[in-house]
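This is the structure I have questions about; it appears just below.
Chain IDs A, B and C follow the sequence of writing; residue 1 opens each chain.
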């Protein structure tokens, strides 16, 4: 990434409270405290790295208001209430520089079917394919090699990154982001056993993605058998996640990488599923529940519960079991010791 | 999806046995019992939802022959032997409406190498790439952005969805379906440790996909080191599955999402692997075996066996262990109680 | 694959030490000992298959120097120090025949932005998209439908297979191979909780892939929040792996299929992660550590350690626990037996 900011520009962008020291360097990169060099900006986002600040070579360091050390010569400290938020403001500015809003229009190398409707303010990249009856909303941006199937609808201000694919009839509402290679609307995995083979059950439903959802790279979301698979408003889904047919995901959930949700599962609002979780079919995960990494959910989950393990247990129970599990060698020895003291022969002799 | 059927048309399509009540609504959607509204068709596929039928607002409900309630005013009950099969018939009809067989021909935006052979009845979509020596069978349909490598062969009546990719030399027999982004013929993961680095072992084999196989979205199937990786007739593979080099999968297996099969594994006919299963290399999973979700298979599996756990155990043993595992806190307390009754000091005094 | 070698050509390619017997067949395929037919070449790479050699019908069998059986009539034995290495030499030769180095040049169906720089010796396949400011090195080969984003840099002798995608600003050094559908530079999964929703944290860093790295099919590697995600020299990554933002992977590591590495993890040189491993965020896996399949790493790993289990334990401890875990039904019975001998009532009576 190529950018350049003076220290005065940085202070303005992040809304710095107070400053200490000074630098004449222009800032051309951001780096962690331990790797920063002159010309870099660094920040203390987590108190655990506080001891790395004095040796940090960055030209500017963003620090919390209560940090009381002194900058090195030619180094500027900028103090703010929340360094992470300050850094995010700077990153947003850099992002707009790196990736300016493209001009509206359709790349001559895109293939648009005659009956597709493309908003005049939308941007369609090279080698996109948009099929009959599809619609693309205002200011939507389809990057290169995107596919939008027949009668699919992409809302306003959506961003579809290279190679993202939305199959026929599926709907993305507004401000949805699809990362590279995301698949919306593959067939659900449904078969009936019939005369010695698996007969495909037609999958004629769609996928509905509500406002402000983000879907990760190469994640797959299956269309419903009928009706719809739904991802609720504001939910964020990471890379390589599998969402099966007829799943209903609520609002503002987080679903981390490589998690798999089986068919007809309901996930209520604000639930968080960590990485590599599996959820069996037809279950409900209650509002605000938290499922830790690699957990296998095989029963309904109460609202607010935190689960861990495969099969899943309440978090604290599973933590306790994991501690005791490691003591199994000891427990077997203790039982053997007891048995030696009171051997079976002796007991029968006593009887 | 947009369609419209009169009640008479519905009765004919599903082959209804008997009817009760009547509706003048045309059917324009399918919905579950709890969400259906007038103009929808619903069905009772699972007896557990029987109590939802009386309150269901659908204009038509498909019911088993022995359901004996009465429809609401303006509502039609259609009774059949198997509501799920009846619904599948209707869905098939809708699918044909939504996705009519395309006209044969090659889209002008497809790139076909000079020596590729395309059957006259095949349909090649926009931005497909078909390389030298590849062949595409009768009535095969390649949707948009599909890739078929050099000397690969696609059989009759195959359906390759957008962005599916078949690498050089790989073979799909007849009626194979590849979902969006499926990869057939990536290199196997093979290296030899040589002078401090991993030296790539050439992967010169192919992938053979037999008749009637379906491969899920973004699933990857590696070509063999030499000879071939095989997916047998009628086997169905879900999304995001990994099949490594030289794996041989038999006929009519089911392999669910995010499962990974290591190199040179043999899976015999009719086996079922649930989601997120892992299978270590060079093993055999016997005919009709069932592997439950998240199981880790690290030894050969007998035909017909059902396994669970990581590492895998026989299903009933693993179920028993999981129950006892949750009682570990109690067991540790019980052993401690026994030890307090018979402390080590006392024992040594007795000795 | 189509090729044909005389027995004399085979002996020369593999550098055979000694020969026994003779064949007039030309070799047109490679097969395992148990499946080989006349016209095939087979080999004994693993002593466990030694008993299959006498019945093997291959025209040529590559054998270790100390194998002392006699070939069948019309069969040739070629003895070498290491049959696997000999086979790899033959496979390399066949690979060069099957996939000759393509002629340099840009396919007329590729879309190259005006300010992209393409080395004259590079080969750019059909329907590739290369954006402004990107650069492609000497002899690099981009197969069909590859995407290279703005200001990304692809080094010399790289091979990007169909549908591989390198997002803006990302860097591949020399001799990097991307398998089909690999994604380099998707956004990291970063959000801040703000006023009841998840606010996206801009991801403005890049991905740096060093020399001689290979990345598997449909694997995803996220760009850094800032600075860079790094994959070190010579590391090999399998299919469907997830590498999150700001991960630093050292040199000559192996990361097997479906493994997921959370954000800001450091993996030191020569580490090996088997399939379906999960690693929690901000951890360090030490040099040369080995993590077995399906393990969940939730703490730093010492150099050279071998871990197993979810959560991870030292390998031998986990093996021991897994044995004892299967004996839990027995242990519960043993404790019950002890309790029956010494019931609580009796104890209190004694007290």
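Operating definition for what follows: a contact is a pair of C-beta atoms (placed from the backbone, for glycine too) under 8 Å apart; a residue touches a chain by one contact, two chains touch by 3 or more.
Computed from a predicted model, the values in this text were never measured in an experiment.
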> What rotation angle, rounded to the nearest 5 degrees, superposes the C-alpha atoms of chain B onto those of its identical copy chain C?
Replying inline: 120
> chain C and chain A are one sequence twice: same or different residues at the contact, by the over-half rule?
Replying inline: different
>> Could you work out how far the Cα centre of chain A sits from that of chain C, in whole Å?
In response: 25
>> Give the residues of chain B touching no fewer than two other chains, as numbers and ranges.
In response: 127, 145, 163, 181, 218, 240, 258, 276, 294, 310, 325, 331, 335, 338, 342
> Can you name the residues of chain C that touch chain A in the complex?
Replying inline: 111, 127, 129, 131, 145, 147, 149, 151, 163, 165, 167-169, 181, 183, 185-187, 189, 191-192, 196-198, 200-202, 204-206, 218, 220, 222, 225-227, 240, 242, 244, 258, 260, 262, 276, 278, 280, 296, 310-311, 313, 317, 320-321, 324-325, 327, 331, 334-335, 338, 341-342
> Across the complex, what residues on chain B touch chain A?
Replying inline: 1-2, 29-32, 35, 84-85, 87-88, 91-92, 94-95, 98-99, 109, 125-127, 144-145, 161-163, 179-181, 212, 214, 216-218, 234, 236, 238-240, 252, 254, 256-258, 275-276, 293-294, 310, 322, 325-326, 328-329, 331-332, 335, 338-339, 342, 347
